[in-house]
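Everything on this sheet refers to the single structure shown next.
Letters A, B, C and D mark the chains as written, and numbering starts fresh at 1 in each.
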Amino acid sequence: MFHAFAEAWKGLRRNGLSSFLSLLTTFIALSLLGATFLVEANLRYMFKTVEQGMDVQAFLKKGISPTEIGEILAAVKEIPGVSDVTYVSPEDGLKELREMFQDMASVLDGLETNNPLPPKIEVKTTGVEEIVSVASSLRGIPGVEDVIYQKEAQKKLEAIGRVLQIAGLAGVISMGVVSVLVIGNSIRLTIIARRHEVAIMKLVGATDGFITAPFFFEGLLLGFFGAVAASGMLIGVYYWLSGWLAATLPYLPVLPLDGPLTTDILTILVITGLAVGGFGSALSLRKYLT
Amino acid sequence: MFHAFAEAWKGLRRNGLSSFLSLLTTFIALSLLGATFLVEANLRYMFKTVEQGMDVQAFLKKGISPTEIGEILAAVKEIPGVSDVTYVSPEDGLKELREMFQDMASVLDGLETNNPLPPKIEVKTTGVEEIVSVASSLRGIPGVEDVIYQKEAQKKLEAIGRVLQIAGLAGVISMGVVSVLVIGNSIRLTIIARRHEVAIMKLVGATDGFITAPFFFEGLLLGFFGAVAASGMLIGVYYWLSGWLAATLPYLPVLPLDGPLTTDILTILVITGLAVGGFGSALSLRKYLT
Amino acid sequence: MIRLKNVEKTYNGHITALSGINLQVEKGEFVFLVGPSGAGKSTLIKLLYREEVPTKGEVSVLGEDLGRMRRSQIPFFRRRIGVVFQDFKLLEDRTVYENVAFALRVTNCPAREIQKRVMNALHIVNLRDRRDAYPQELSGGEQQRVAIARALVRKPEILLADEPTGNLDPSTSMEIFRLLERANLYGTTVVVATHARAFVDAMKKRVVELRDGRIVRDVRRGSYSE
Amino acid sequence: MIRLKNVEKTYNGHITALSGINLQVEKGEFVFLVGPSGAGKSTLIKLLYREEVPTKGEVSVLGEDLGRMRRSQIPFFRRRIGVVFQDFKLLEDRTVYENVAFALRVTNCPAREIQKRVMNALHIVNLRDRRDAYPQELSGGEQQRVAIARALVRKPEILLADEPTGNLDPSTSMEIFRLLERANLYGTTVVVATHARAFVDAMKKRVVELRDGRIVRDVRRGSYSE
């Protein structure tokens, strides 16, 4: 066991340049896998954020009394799928409009004295799927005049959400396959270059395990170092990029670089690296063992 | 020459599996390069579209006469940096608003009879950089009351534009480097596996050129087929994806898959493939030739 | 110890390397395998350590029926046999010392023991000084002696040597043959394929002559040719 | 034709393979290079076709000063020389035919001519039947004969042979030496490093003996040892 490990280390050192280039290949392949994972995680996160921002608006009778409003709010909170309710007075509504269209503020000038906006409540749902049922429940509440929500947007978001999930998974998986192929091929070629050595070892009475072990450990080391380097690089770049994005596009929701995210990347890359490196070399060898 | 080409072909066939895996590696590396290029081209296109959609609005005196409007339009067309001018009457303005906020249509109900909107002209500029100068020119035209444009958005777009250009180029270049490294490494390993053959050829009196040529052609063939396969795959996927996007997110500007784009991809990938394949193998060989 | 019954070996279905071979070698025997180039000497030796399996017939060595041997048992079987390969088969990326040590490392020989035995084997073939050289840095004869040292270091029950002196001068060859003879005296069964007429004639051992894949002569205390 | 002046060759700065070598071989000579394993025979031959360059001194072959030869000239120089390598150096991934043909392909020999000459060379070494085999599918002696055919096929001005019969039986060896002698009669200068005492003694050619990297004997019509 220790012997095999020492042999693996010697093997890597003996073939310095080759090992370095294989490491680089592993690094590149795993970086791509990690980057795809990060993009996928961010898209999912963005979608989640957008989804949570989605809400249903219910316009109330004009001149409704504060007590009635209180009752309505209480009733709305009971509806399943509702995560939050806010009351927006006509004055607040006008302010909101003004903020949304600050550059066209003059358009709204005439409305100040003669506010045409009805009082309304904004209802946040727990997810896109709940919007339709919440809206219909809202319609049943007395004092609610009209209920609006972005039907089209809702459907699209649902569709995009589904597609994102599938595409993201497909992306990560296919990048995983790419890593496996690229790393595996580089290992395979390394072993081809040593096929004579392997044949000789067998003739001298080495067991398959004895021959495989150093290659296996070599692959493990390669995979491990490649994964750690790739993780380090990605985390560094992500740290810098997310800082830059936060400054430039403050409204863009970016997954924060916290413990779990770091752990995820490290886990994915190290496991892929070890698995491909170790089993890649073990499997590639089988051809020359039988 | 012909002999070298025939040898190259034989070499590829002789090492069937190895050649196939090298081809796969080349394919993967070039696909990544191509995909990065497509994403970069689309981001640039999106940005261009957004940029072109950006405009300056000038509100005119209320109750302005059609002749005056005609004069103003003529004057505006003279301003350098202006690509298009449209007149929007108060009624058109209200319609526009209604369309933009169809879900909140009730908000605008009160405005029908008492339209508070001033007449305005919408001016498109040839690019973001022109907005500020066009706006100040507009202010000097008699009959123009107020000029508005998205100052913040303009600055951000300019920044994003610059960043996109740099990041996109950096992305394409680094993917190019990745391709070169991954393909180059796989070629190098293939040559290592044949280092004894190369040494023998030299001893028998083969010139460097005679030894290199088949490897060079082998690399070229590999690069070429890899590039064509990658282009084919990318164009297929792009065709499908852009169709899907057009259906799902009609407002997202997607670069159409036309002749120039196809040519661009093919050119980039084939040139990279040939260059890396051909020179990669020639350069890798040098070590074993001297 | 070694028994071949009606053995036939064809390569690629049409090249007959051996046919109708019946041969029995007892423990402690010393056998010369002679015959012209391409007669099948190496093929016969390859059958004995199971690098090749016969197309027909039975080969049993050290009490094991090689045709029935499980794949996982092969390495353990080979450890009981020392082989000097015709083309040496040294590990290119290891030193002389490591090449010889490798034969012991595959068994579970303790490190101290390995050192002692390897140095001893290198001493016997007169290569102690070159122990840190790589095979490519050795002369043809030196490489051949490394191969011999590797076969001897394990003190095998059977020693197979395929043309062990093809690259050695007469006096070094003489030493090697003496070495084989001494190993034989200590009980090792020895089978040597060789073209070294002078030594075969001088040593008066059992001679088995192959020709076109058949045994054409098998005499005790024989000479290279009739 | 071949002239070495005060040649010294050390490997890795400390292993002296040759020292103080002065040797002159005229056109049409036949020279045996003998000496114990590790004496420096192969190293001397390697200097002659510029696989190695001397550490000190001058080597000139076919009128060319090998120390001053431009890299780009080496292949053209080598084409004028046929070499039988001690370790054969056959191309593993080509058939016997292709291995021999390769020596002609590197020159601009027309295809028809190649076919004729290769088949003729294979006939001489008795390997026409095995022309489509790969080197690994050949016996040791057969591989050696392919190497000999490859060296002969170019009808070289100088033929260098490093232990060309180490894997051949006496009668095949005899044929090979006859072949070398015949080539020599047609004007080829021949240098053969060998341990084959019986043939050296029988052929009565010039013998150069090396020992520890020095020339210790150089006699016309000599024998393997004094």
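One rule holds for everything that comes next: a residue touches a chain if its C-beta (ideal position, glycine included) is under 8 Å from a C-beta of that chain, and two chains touch if they have at least 3 such contacts.
Just so you know, these numbers come straight off a predicted model, no measurement behind them.
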item	value
Touch-network distance, chain A to chain D, counted in steps	2
Chain at maximum distance from chain B, centres defined as averaged CA atoms	C
Separation of mean Cα positions, chain B and chain A [Å, integer]	24
Length of the line joining the C-alpha centres of chain B and chain D, rounded to whole Å	62
Centre distance in Å when chain C and chain D are each reduced to the mean of their C-alpha atoms	28
Shared interface positions of chain C, touching two or more other chains	none
Pairwise touch network: line, ring, star, complete, or other	ring
Chain pairs in mutual contact under the definition given at the outset	A-B, A-C, B-D, C-D
Touching residues (chain side chain A, partner chain C) in the complex	3, 14, 194, 196-197, 200-208, 210, 290
Complex contact set, residues of chain C against chain A	49, 51, 71-72, 75-76, 78-79, 83, 85, 89-93, 102-103, 105-107, 150
Residues on chain B engaged by chain A in the complex (per definition of touch)	18, 21-22, 24-25, 28-29, 32, 57, 59, 93, 97, 103-104, 106-111, 114, 116-118, 146, 148-150, 156, 159-160, 163, 178, 181-182, 185-186, 188-190, 192-193, 195, 248-249
Complex contacts: residues of chain D adjacent to chain C	11-12, 15, 34-38, 41-43, 86-87, 137, 139-142, 144-145, 162-163, 166-173, 195, 197-198, 224
